[in-house]
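Which chain is which? They are A, B, C, D and E, in the order written, and residues in each are numbered from 1.
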Amino acid sequence: MPRKNSKRPMPRKKLLPKTSHKAGRAPGTMIHVGPPRETPVALLRMDYNSETLTALTPDPVDLCRPAPDATLVHWFHLDGVHDLPLLEKIGSIFDLHPLVLEDMVNTEHRPKLEDFEDYLFMVLKMLHLETESDIIRTEQVTLVLTRNTVLSLAEKPGPVFDSVRERLRNNKGRIRRRGADYLAYALIDAVVDSYFAILEQIGEQIEQLEDELVLRPAPETLNKIHHLKREMILLRKAVWPLRELIGGLQRMESPLIADSTGIFLRDVYDHTIQILDTVETFRDVLSGLLDLYLSSISNRMNEVMKVLTIIATIFIPLTFIAGIYGMNFEHMPELHWRWSYPLLLLLMLCASGGMFAFFRKKRWI
Amino acid sequence: MPRKNSKRPMPRKKLLPKTSHKAGRAPGTMIHVGPPRETPVALLRMDYNSETLTALTPDPVDLCRPAPDATLVHWFHLDGVHDLPLLEKIGSIFDLHPLVLEDMVNTEHRPKLEDFEDYLFMVLKMLHLETESDIIRTEQVTLVLTRNTVLSLAEKPGPVFDSVRERLRNNKGRIRRRGADYLAYALIDAVVDSYFAILEQIGEQIEQLEDELVLRPAPETLNKIHHLKREMILLRKAVWPLRELIGGLQRMESPLIADSTGIFLRDVYDHTIQILDTVETFRDVLSGLLDLYLSSISNRMNEVMKVLTIIATIFIPLTFIAGIYGMNFEHMPELHWRWSYPLLLLLMLCASGGMFAFFRKKRWI
Amino acid sequence: MPRKNSKRPMPRKKLLPKTSHKAGRAPGTMIHVGPPRETPVALLRMDYNSETLTALTPDPVDLCRPAPDATLVHWFHLDGVHDLPLLEKIGSIFDLHPLVLEDMVNTEHRPKLEDFEDYLFMVLKMLHLETESDIIRTEQVTLVLTRNTVLSLAEKPGPVFDSVRERLRNNKGRIRRRGADYLAYALIDAVVDSYFAILEQIGEQIEQLEDELVLRPAPETLNKIHHLKREMILLRKAVWPLRELIGGLQRMESPLIADSTGIFLRDVYDHTIQILDTVETFRDVLSGLLDLYLSSISNRMNEVMKVLTIIATIFIPLTFIAGIYGMNFEHMPELHWRWSYPLLLLLMLCASGGMFAFFRKKRWI
Amino acid sequence: MPRKNSKRPMPRKKLLPKTSHKAGRAPGTMIHVGPPRETPVALLRMDYNSETLTALTPDPVDLCRPAPDATLVHWFHLDGVHDLPLLEKIGSIFDLHPLVLEDMVNTEHRPKLEDFEDYLFMVLKMLHLETESDIIRTEQVTLVLTRNTVLSLAEKPGPVFDSVRERLRNNKGRIRRRGADYLAYALIDAVVDSYFAILEQIGEQIEQLEDELVLRPAPETLNKIHHLKREMILLRKAVWPLRELIGGLQRMESPLIADSTGIFLRDVYDHTIQILDTVETFRDVLSGLLDLYLSSISNRMNEVMKVLTIIATIFIPLTFIAGIYGMNFEHMPELHWRWSYPLLLLLMLCASGGMFAFFRKKRWI
Amino acid sequence: MPRKNSKRPMPRKKLLPKTSHKAGRAPGTMIHVGPPRETPVALLRMDYNSETLTALTPDPVDLCRPAPDATLVHWFHLDGVHDLPLLEKIGSIFDLHPLVLEDMVNTEHRPKLEDFEDYLFMVLKMLHLETESDIIRTEQVTLVLTRNTVLSLAEKPGPVFDSVRERLRNNKGRIRRRGADYLAYALIDAVVDSYFAILEQIGEQIEQLEDELVLRPAPETLNKIHHLKREMILLRKAVWPLRELIGGLQRMESPLIADSTGIFLRDVYDHTIQILDTVETFRDVLSGLLDLYLSSISNRMNEVMKVLTIIATIFIPLTFIAGIYGMNFEHMPELHWRWSYPLLLLLMLCASGGMFAFFRKKRWI
């Protein structure tokens, strides 16, 4: 990596997104918080049971709430949360609390689980690693689970739920035979899986750093360690509430969640614990790497200093002696002796040899 | 930043305010603790329900307790807590416990929630960042919530509750349709929002520091990191009890708080957790910055040392050789040879070239 | 501060007081542990209710237990715990458990609360800062609370309970109108107040250190930081059990403590939490100061090294060149050229200018 | 150890194994995760009670579920989990939940305990230390415990359960007299014992490092410390869930576990706590070693610097003086004095002696 | 301390004793783990009540279980646990669980408390500090408490229980008037007291180190700090389970423990907490000492560097100037001027004075 690059601040995620413009507004007021988006919001509806599946992209105008005790499971998915009128319509159709709507459009909300008896509301964070900048980007996903309907909202179109859709279409696994709670679980599972992908990529980067540290520690290595530590701090901040959320979901005694779904929730809960473990492990390893880096810098400096000391310690006294006989005093008898020059050279040789032996004994060389 | 400035101690918040002059007084004695204030205390009263709203600045003399089962919500707000007679009058009107009055005038109290059955008493801290000195100032706000009345006291006039007042006046949101507990929630929410504003500003300062560290680390950077770490320590000390307070309020089974207000309290509780998370994150990032700074200082020193070593290691031996032939011995045959000077120069060139190659191989250059 | 002083070990508190001579004794054996005291033990008795107050210094011989359901509150206070016969007499009068007596005379006991149904026994620590040595001294206070009597023992005469006595005498506040439990609370409150005084003084010392660090870091600063960190470690060790004690007292469902005293205990409990918070804050700030100190030492060394490097790097090569033309070879044509001397001087000037510019570019100067 | 070796990255365990290819699959889908294995899966069946024991390697085709209330205990053991059809057959015979089968073949699962009422399912990790590379390898073991049957699966053939088999064959101890729950305990105990072996080896390596640090600290020592710290981090990550698992097993009120087995489970639980304690101790000791290493590097550098300083400080001024009298000015009266040369030598001797004494006094030599 | 000593590895306690040879054995198998012992096992029996006391050294052949409801308390004490046949006999007489016997002979067991309804089984660790090597040695003590009998086993003869024996013989305190549970408490108390003795000695060593650090920090100091930190790590590992044990004993609702013994157990529990507090305090202080040591090394190096820099910075340029006028150019007009030599000397004096003043201003001197 060229040295100049290391002097440019790395691109990085904001420590805290701008939310203060919310200050002073009435709670329950819908204000879209997040990067402005131009693309229109896409609505996708799937109705299925073990026999049939219908996928449609309904016109928001015709949107109405499905009958609660139908034999079908209904999945409404929105790509985009910036169309406030549409969301308000959805809110009135599904009879959502104003705070739910507010949280849906505030894409900087902390993951949480809220039980409104008639429905469960969840805020989740999806992660993906921007390849060119190595920044972890988060995307908010909100879920509403009622008796036979799941409503999911993502910030923008993406491939995360594709696998769920495909399993639904191909009737793979048990997803079509189960209720809305299993669909919600499948969506949460897809979100949690996105964390593993990130951790794997970061794990590889850490291992590369470990090799780099042993082979050729450079000042850039330090910046990379700092960058990764920072990512770990932000990641941990994201995973902790997720673990709480899924733990709460699993312990919750809601009629909306069938007992048979419990074991799957426990499974995804295990995954979040594994993620947390891994994040902690990475932090510990990164701290170790920092220590290793600093120590290797120390070691290297030590080596450099030793060379300087040895050269200087050997030659400075010799130079002094040469200086003595370079003086122009009239009365310096040694200058006129026949063998004083070769004798002096010999003496210098012995002195430097002696010092060399001394350093050797001190294990400095 | 000029270097001299870095030698002046930064202005900063006191670690512990003077409270020892309280020692030995009888508990329940009202003593104003805090900076002395000259401005007269302003009293503001608002009576409202969903239909009507009256705002008045009553004469303390006429002050009396509103009827408990009126259909109106009453909000008494005091800007200033240094008028002890007025407070004592309020205390007797609202039948407040002497310890409550004592806590109201001691502006250095820890945030807390006290349930007196007839009323709830809360001590909160409001924050704002003094722009010129980057110091976080705290201001104490106390709330008393009875069945249909909220009594709020601030240390001095300020804009924090303006947004609540405006929503009341404009009948925006649901505030006018709800009881005194919702008003109390709205006030707490306004206080918590003031924390986000602070955190955002600090977040930006940290990011500036990160850039500064990469581009041009300077000794002042260190002082700034220390200053911010110190602020984080004091901030965390302020937020923890706030979180306890709101958590307690949310779990509390008081008839003074309607069930429907619970979800709003949970929302503001989520905010305090988010604040705590952010404070922890900032602390971790600042610790990382300190490491980064120290490492970059080490790196830089290492680089400087390497240059010194290389120059010294190359020239010290050469100077010694030159010194040898600068000696004035009579019998130095080399001095008289025809080619000894150019040969010596060549030898010196080779020696320095060899050392240069050696350093290169050792990756010191 | 003169440098020699920094070489003398600072006076400091023992990490662990001598208690091993207790090993092997039967539990419940009274052995006075603590510095030997010469002064005779002073006994003070106060009997009061809201109307009357009698203060007397009774002769230990006449000591007898007050009637349990009298309308008076009785306060026995002992200054000094080294008079074992007197204590044994008190023990038999108040029917105290042998372990209580043992704990009363062992002045190195950990703060604790013991419920003997008929009475509560408390061990507390009072603090004061020795001004000349900056050492925190602890003094043990033990309290026995029965239905209408408080028995308090201090290690030596001191002013801590003077404020309580004065409030009793002057009938200030509500102390005379309340029972023995309130008196016990008042005594505990006086003890806890002594902690605030210490913390304030230490807070000021820390702030002085912060200024010192910025203006003129010296090796003594390090010793002071270490000294304060050590005090904080020992202080925290003292405050934690105090917090437990008061927390236990507050949660305790003892008939000896009236419900109306609960709020006062909660208040003093809040104070201990505030003390703990402050101790933690001080520790964090001191850790930060240590980092700051070490970094500023690094910085300073860096600066020193840079000057050395620059001077050496500029002059060592020039000296070498001068050395070349100081050689006494017969055949050095440059020596005889007309302009070689001024040209060489010019060359040297350019070389040093070039190096200076290089250093400047590298931001080393 | 030759220096070049230290520049090769050490072989090490992956921080996070590849699992992301699982993303998007339906939960309950069996996908073998782990290194591909060629060897065929070996099935071993033992049926025993206190009188008889039959060991057979059944043909998977004939596999059927043993009668639940037989008087025999049945142990099925599989070496290898990559034969999915066989596992599916086993799953249908023992009526296992699809998630259990999925966890059996995913060899990167976190240790866990799942209660399916009819049977208990456990995922365990076995450890062994690769001798040539000092890497801790983990192998997954899964157990299913039903009323009278234990089903155990290991990733590959190994000696870990040999001791259990031998005790069964030789009717040693109480294993033959007890039920399937005791067999399960014996297997868990064998797994936990494998941890002690690892810890012992690592303990010895740490002690070797301690000796190495005192006798001849080298840059390789640092890499070894880092390697061991990393292992400890990964080991702790493995042991925590194991402790939870066994703790859960011990607290579980399942009819599958006899009361008399409880004490043995408590015993193995004590072992896991001891393992955790030891891992923590090792981490603390390793941190201490790192500090020690860095400090000894500092010390050594200090010593080197002192030599340089003393030599340079003594000879640089002397060389300067010699340089003065090597100048070729016409008018330098000293040059012509009779005793100036010996006097100058004497002066130089005194100066260097004085400086030497000064350094001695400063305790630099 | 001579320098060579510091290069010999200090003797130290093993981090983990050899226990892996246990792997694979059947649980409940008695295998003596610990240093082999030659001395025969000594058995001592005391039968006492408040009136009579009989002490005998019974022949193991005649050993039989005392009647459970006798009016006497029986104390069997074994010095040595390596006589397996004797222990087996005791096991069958007292009807002990095989795991208890196994734990009795495994001297590396973790402290624990096991309730077998008929009896309580405890494993404790006694400590003593080997004076010549400063290593904390642990010795295992196991206790079995039945209704009227205490069975205690120590690894080897020692003075720890002498004080208990003496109190029994001399009928000192209340020990003879109380039951077997009080005897068990007295033994535990004696064990816990041995910890205080250790902590006191270590406390003194730490204080010596603090003095040493201020007066004459030496590389050996570092090794001592490391040694003490290591001891603290191992000590903490020993005390935590002891605290759990005594805490469990105190909370236990066993008919074997009289209510009146509860307060004594609480007392000894307080002692273990005090021990833990002290261990933590020592660790914190030792960490502080390490920081202090490293900082003082830094400081010292800084001072050394400053001297080098000042000397070099002053003399290197002067030497260069002298070198200039030592050149042998033919045409150097200055060489022939009358006052150039004294003027140059003056110039050099001014330059060095100027630099000295500059350093002074920079506070480097």
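Simple rule for what comes next: a residue touches a chain if its C-beta (ideal position, glycine included) is under 8 Å from a C-beta of that chain, and two chains touch if they have at least 3 such contacts.
The structure presented is a predicted model; accordingly, all values stated were derived computationally and were not measured.
Engineer: Between subunit A and subunit C, what is the gap in Å from one C-alpha centre to the other?
Structural biologist: From the centre of subunit A to the centre of subunit C is 41 Å.
Engineer: Indicate the whole-number Å distance between the mean C-alpha point of subunit C and the mean C-alpha point of subunit E.
Structural biologist: So the centre of subunit C lies 26 Å away from the centre of subunit E.
Engineer: Where in subunit B do residues touch at least two different other chains?
Structural biologist: Those would be 298, 301, 305, 308, 312, 316, 319, 323, 326-328, 332.
Engineer: Just say which it is for the chain contacts: an open line, a closed ring, a star, complete, or other.
Structural biologist: ring
Engineer: From the touch relation defined up front, give the order of chains around the ring, starting at subunit A and going on to subunit D.
Structural biologist: Order of chains in the ring, subunit A then subunit D onward: A, D, E, C, B.
Engineer: Under the touch definition given earlier, write down the residues of subunit E that touch subunit D in their complex.
Structural biologist: Of all residues in subunit E, those touching subunit D are 6-10, 12, 14-16, 18-20, 22-29, 97-99, 109-110, 112, 114, 216, 219, 222-223, 226, 229-230, 233-234, 237, 240-241, 290, 293-294, 297-298, 300-301, 304-305, 307-308, 311-312, 315-316, 318-319, 322-323, 325-328, 332, 334-341, 344-345.
Engineer: Okay, in this complex, where on subunit E does subunit C touch?
Structural biologist: On the subunit E side, the touching residues are 162-163, 166-167, 172-175, 186, 189-190, 193-194, 196-197, 199-200, 203, 206-207, 210-211, 214-215, 263-264, 266-267, 270, 273-274, 277-278, 280-282, 284-285, 288-289, 291-292, 295-296, 298-299, 301-302, 305-306, 308-309, 312-313, 316-317, 319-320, 323-324, 326-332, 363-364.
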